[in-house]
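Presented below are the structures under discussion, each in the form of structure tokens.
Shared chain: chain A. Partners: chain B in the first complex, chain C in the second.
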Partner chain A sequence: MATEDARYRQSSQYRLWSFSPSHLQSLREKTNSLAISHISNRLRASSPPVDPLPDFLTPADEALLLNFYIVDLLRAAQFCDLPTEIQATAAIFFRRFYLTNSLMTYPPRALTMTCIFFACKAEGLYYRLQKFADKFPGTTGEEVLAAEFVLCQGLRFAFDVRHPYRALEGAIMELRRLGDFDESRLARAHQRTRDVLKLSPLLTDAYFHYTPSQIMFGALSMADEGLLQRLLRDAFAGKSESAKNQVLDVIQSCRAMLEKEPPERRTSYWDGSGSKETMKPLNKKLRKCRDPDRVDLVALQKARREQALQKAKAKTTTREESDIFGASNGKIEDEEREAKRRRVVGGGDLLGPPL
Partner chain B sequence: MSRKPVTNGSTVVRLPTGPTTALPSDICPVCKRVRYLNTDMEFLINPECYHPMCSNCVSNIFKSGPAQCPYATCTKTLRQRGFRSAFFGDLAVEREVDIRRRVAAAYNMVEDDFETLRDYNNYLQDVEDLTFDLISGAEDERRAAEQKLLHREQEFRDEIERNKRRGREAELSRQKRDAADAEAARQRRLEEQREEARARAEEATINAEVMEALARGEPGSAAEIQARIVAQNRARVAAISGAHFTSLLDTGVPSGTSNTLSIRGLKTKKISEEEEDLSKPYDPFAGLGPALEPSRYKLHESYPNPWLDAARTHDDHRVPGYSISEYVTRAMFDAFAGLGVNIADEKKDVARGPGTLVAAEAAATNRVSERINVDDVFG
Partner chain C sequence: MAVSPLIVHPTSALQGARAVSSPLKNAASAQTSSNGTPLAVQVVPNAAAAAAQSTSLDLAEQLNDEEKRKYVKGKKLGEGTYANVYLGFLRNDPSHLVAIKKIKIQKEYTEGMAPDAVREIKHLQELSHPNIITMHSVFSSKDQNLNLVLEYLPLGDLEMLIHDTEHIRYGAADIKAWMGMLTRAVWFCHENFVLHRDIKPNNLLIAADGEVKLADFGLARSFSDPYRPMTSNVITRWYRPPELLFGAQHYSGAVDVWSVGLVLAELVIRTPYIAGNSEIHQIQLICQAVGTPTEDNWPGVTKLPEYTVDKEVIPLRGKDHYMALFGTLGVEGVDLLMKTLSLDPKKRITARDMLKHDWWHKDPRPTRKQDLPKKSGGQGKVGADLKRRPGIIEEDRGSKVARKLDFGPAK
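What follows is the complex of A and B.
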């Protein structure tokens, strides 16, 4: 077994955020069905109750909308002049978050801003909150921060995203060192692969199903198949042919996935000409079936803070039995759950009149 | 003598009792004479008891033979012969140095005498313990240590003598070696100077030839003539600079002596396993090093990459310590890490964390228990 693979298996990207296609599919379906049942409960409990329940989004709708919002996010990140890696990190954060949360539960527009801002933090780029909020008219710093903790939870506190960009530089350096290809061919392939990597893997599930190195090789094979073969020949020199073919199969399937969203679509995405018509009805549908409790994340955040304050006072008198088991963490979680239950049952009066 | 000597058989003495162990500077504690009136007053001590007194007192009291120390409560019998001036102002230090000198003379073994380094270290530790007991141990400890030291001094006299002789020899040979090194360095310097002079002379002759050729009016421009003659003579110059080191070897010191000296200490020792572990250099990866070696690529010294040229040459990058090799290592690792990981296969039957297990259960029963929150993936 190669040591590089063993080291990659240690990463949180592999441990927490890699899935087989069927698993990913079932996860999305589960998330969707859970969200629907929650939201319908809440809608029924609200006053006045929404009687004919709205038409909910299907998993397929969500997938379409997700890509729409990721394009949005990429455009916003580009507008902020963020480096490619941070743009990609933001997009992957967004994608990962909406794997265990539904678009109907948390408003994607707010999460877009939070993801970009938090990706800057995660990648170690300092961006002043006020400056960031000022870039987008109608956005306040409070709104950007409101969903931050929820986002972290949704990411399972795994902030490390492994990208294929540096891998591409490594591969090109190796090819240049070998000296088998002329410079213009390499430069062309380099440029093309970079274009692919900037868009295609972010709009597909490549990050969930393939490792950065496989994504990079998949993109490279889209640009120039010969270069890929040359690199693999060296990498698997002295190993069995079947091992190499296995890897080649994985790379080919990755390539097939990347080719679904070729970089040529970028222009049509960016001016919104292609997607506007299909997205309009979906967005309209989304607006109707949103989670009534979580539309205003700022107010939700405030209510939570207040609750936590009240809890701190009441903590000593209630729940002595849970103290026996020590974990104050668990207690807070329990109480939070309790609060949420009450909120669901009591029609959200904790948040004031329904919005 | 009214005071009875206490016979405890101890030759290593306690310090004078008193508030300070410092050598007095002005007034003699015995005769109370003041330096102001006796400018050449000198204070002496006797290593029997380290009680300071002026030289006048010493000659007055002890001239006529051994007498008891004039200090009250001190029962030592002193002789004039034993008196000397203290080297250190602090008599505690003076005494410690004396004791250490004596212990070192008795316990004078070297590392080569021991089988393992650990044994040698243990020996050093024991000696130090004994020394400490002598210097600042309690009364009974000191006495025991004193006994041990006396025993050693008497029983192992031959061995001590032998070690001493060997130490002297080693010291002598070290001096010889140092002298030989210095001589070799001197020779080298001389040789270099000589070479330089030769090279300079050679250059002068070439220049002269060029001038001559110019004066003769040979065909071609001055630069061409010069280039031609220099090319002719280059071989000669190269021969000189190439001969630099071989000639040095010829004229150097006879190599026999320095060789035999330098191999001293290459004694084969039996080394236990533990000892061997300790003697190896520290490995931060605890033996994992080979496992971290890349298997799919070979990391080369440098890669052609125009993007990195700026980082290589500009002070903006170099001065703060940007490491190109670090970047290259990472890029190459990224390029090949996880290439053989087949996620679809490996994650086929991986159960997810508890959060989704509960979710899965809820989805299966098609009933949402109130404990589940969509936004709490760990719930």
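What follows is the complex of A and C.
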């Protein structure tokens, strides 16, 4: 098998974030039911207990809302003039996060901001926190950061997302090289495929089921099936027809998935004509059934920090007590550390570390 | 263009390989122990604190705990400003040692997770190669610290070997073996479209079996698209290529190759070859060692944003010059060195072509890794190496260290 495939299998996208459809579905169901049982217990335990328990979101509700918020996220990312790849990374981060976390557990609006901010960081574009928060009136830097850690954990610390955009540039170059088509046809297909890739794979589960090249071919097939056929003929020259058909089947199933959310959907989502109205009851439902402890992420983050600090303090106290019997190494170490820290600041070496 | 054939759905992604057998099973027990017990919630006055205390219920938290439980943390190997490093082992195979690097929350960095940590984790997640340090896992602990589970490399780094001229003897065959490992590591990075941007001897760690591993991906980044500028403020000064000193914002893997060339030179003369004490000085020394960059030998160089050289133009050094200094490498070795030190990055040899060079096939054959010179008593060193943050620990070498990124092009 091609070594390029072997290499893709090493990527975190394949190792950690690719699933069969049934597996994906079961994960979503588990996430949903865990959240419901957690929140139910919490509500029953509060004083006074919440008696009739609220109506909870179903996995299907969550899926609908998820896409609503991803469209929102893309709009916000576009408003920040972020490159296509970073927009897409943010959207995929969001999608991955809510595979193992429920929308009822962590408020999606806040995570939208965190995903965009962290996607910039992961792609090496250093947006200043304050500048970023200022773009969105009513949002503070603290709010953007509050969920950063939770997000990273939810992403299983896989920060590299493989997108199909460069693959498309490659395919178009390849088609030009073949020289069988006139430029206007290629330009049209190029544009159309790009449009598809900017939305459809982000609003479907394409990234969970298909490789970037399969997604690119699926989108190209939507734009111009003939071009896809031509590329495959070339790629499989001298190979068996069945090998080619196997690949073609996968591409077609990917295409079928992308077609559920064609680029035109963007306007219908954005106008809000259809979507906002359908989403209203769902959002209302969400407001009633969400985890009361995790609505305020800033407070949650503070509590977590404090807990960590208390734990650390408890540790140092015991160490100092034990130091009574020996030299107070602990203190010296701490002073050294402080001194080093000051040097770090002085040297402007704020960034960080090596191994 | 490769048509990626059928990629089978890795149904194992969450379940098999990472062994999260049944999330629901765990959930049940977690429930009764935490939120299932109403008392625990009522005792805590503040709701947020209650949530912070509640043990894992989310699938995400369970997955994290599964990772965490795979390892046992042992004694502290070292403590640094940026991270503490602990010896650890696999719970189900105590003979398998690992280094657990616990990254501290940095008070000074108020923008959330530090970019170094993000870069390091991002790239090490993707790169898997015998000459690149392996990151087995990442998990977070309760206090929200990041823990990187890394390969345990007990024998220190290449810098310690190079500079311990009293106790360590090595020859041309050893240099060839080490360079082979470094070149393969860099080739693999570039093949995966990653620039390391901080190659130097003390980022080359040595495994128990003598294998050299490229570490410290805190400055790494993916290859940029042609229209997107990158910062030129990377790579420790002594190993920084002329195009970066001249402020180039569009550059390639050639920047790493220059550093590799200087590691080769340093292996031979056992002292840093071009050790400037400022950027201007670094450029002057490059002119003396290699030659003055001009439009003749490097078309377009004068257009780079920070191009400045002395008026006196030093002609390019010829083969004789290098032979006099680096003759132990032999004619082919010197040829390879010269190709890595080409001023014009377009003419500089690539990592791929380096691997195809004749030098590797000439006598002497590279030393087998188990026979390579080793530093004795290196056990305690791994801590120092992993926690280190250049410019802090090694005060005396601080002058050569320039570990900062320019946030200029950011918004």
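Keep in mind that, in the parts below, the second predicted complex is superposed on the first by the 314 of 355 C-alpha atoms of A that agree within 3 Å, B and C clash if a C-alpha of one lies under 4 Å from a C-alpha of the other, contacts with A are read in each partner's own complex, and residues count from 1 in each chain.
Basically, a residue touches a chain if its C-beta (ideal position, glycine included) is under 8 Å from a C-beta of that chain, and two chains touch if they have at least 3 such contacts.
What you see is a predicted model; the values in this text were computed from it and never measured.
With chain A as the common reference, the superposed partners chain B and chain C clash. Shared-chain residue A:148: touches chain C; no touch with chain B.
Note on chain A: of its two partners chain C and chain B, the one contacting more of its residues is C.
When both complexes are overlaid on chain A, the residue A:8 reaches chain B and chain C alike. Using the contact criterion defined above for the overlaid structures, shared-chain residue A:191 touches neither chain B nor chain C, since it reaches no partner. By the document's definition of touching, both partners, chain B and chain C, reach A:209.
Shared-chain residue A:41: touches chain B and chain C both. Touch criterion met: A:176 reaches chain B, while chain C stays clear of it. In the superposed model, A:127 makes contact with chain C only, not with chain B. Legend: residue contacts after superposition of the two complexes on their common chain; A:78 is shown touching neither chain B nor chain C. Chain C runs into chain B after superposition on chain A, and of the options 164-172, 182-190, 218-226 or 362-370 the stretch responsible is 362-370. Counting contacts as defined above, chain A residues 1-2, 4-5, 7-9, 14, 16, 18-21, 23, 27, 30-31, 34-35, 37-38, 41, 100-102, 105, 150, 153-154, 156, 166, 170-171, 174, 209-211, 213-214, 217, 235-236, 243, 246-247, 250, 294, 333, 337, 340-341, 344 meet chain B in one complex and chain C in the other.
Considering their complex, residues 1-2, 4-5, 7-12, 14-21, 23, 27, 30-31, 34-35, 37-38, 41-42, 44-47, 80, 83, 97, 99-102, 105, 117-118, 121-122, 124-129, 131-132, 144-145, 148-150, 152-154, 156-160, 166, 170-171, 174, 209-211, 213-214, 217, 231-232, 235-236, 243, 246-247, 250, 291-294, 296, 299-300, 302-308, 311-312, 333, 337, 340-341, 343-345, 347-355 of chain A touch chain C.
The touching residues of chain C, when paired with chain A in their complex, are 1-7, 9-11, 13-15, 17-18, 23-24, 27, 31, 35-36, 38, 41-42, 46-54, 57-61, 63-64, 79-83, 101, 103, 106-123, 125-126, 128, 133, 138-140, 142-146, 150, 192, 198, 203, 205, 215-218, 221-222, 225, 228, 385-392, 403-405, 407, 410-411. For chain A in complex with chain B, the residues that touch the partner chain are 1-5, 7-9, 14, 16, 18-21, 23, 27, 30-31, 33-35, 37-38, 41, 100-102, 105-106, 150, 153-154, 156, 162, 164, 166-174, 176-177, 208-214, 216-217, 234-236, 243, 246-247, 250, 294, 333, 336-337, 340-341, 344.
Considering their complex, residues 291-297, 300, 303-305, 307, 328, 330-345, 347-348, 350, 352-353, 355-356, 359-360, 362-363, 368, 370-379 of chain B touch chain A.
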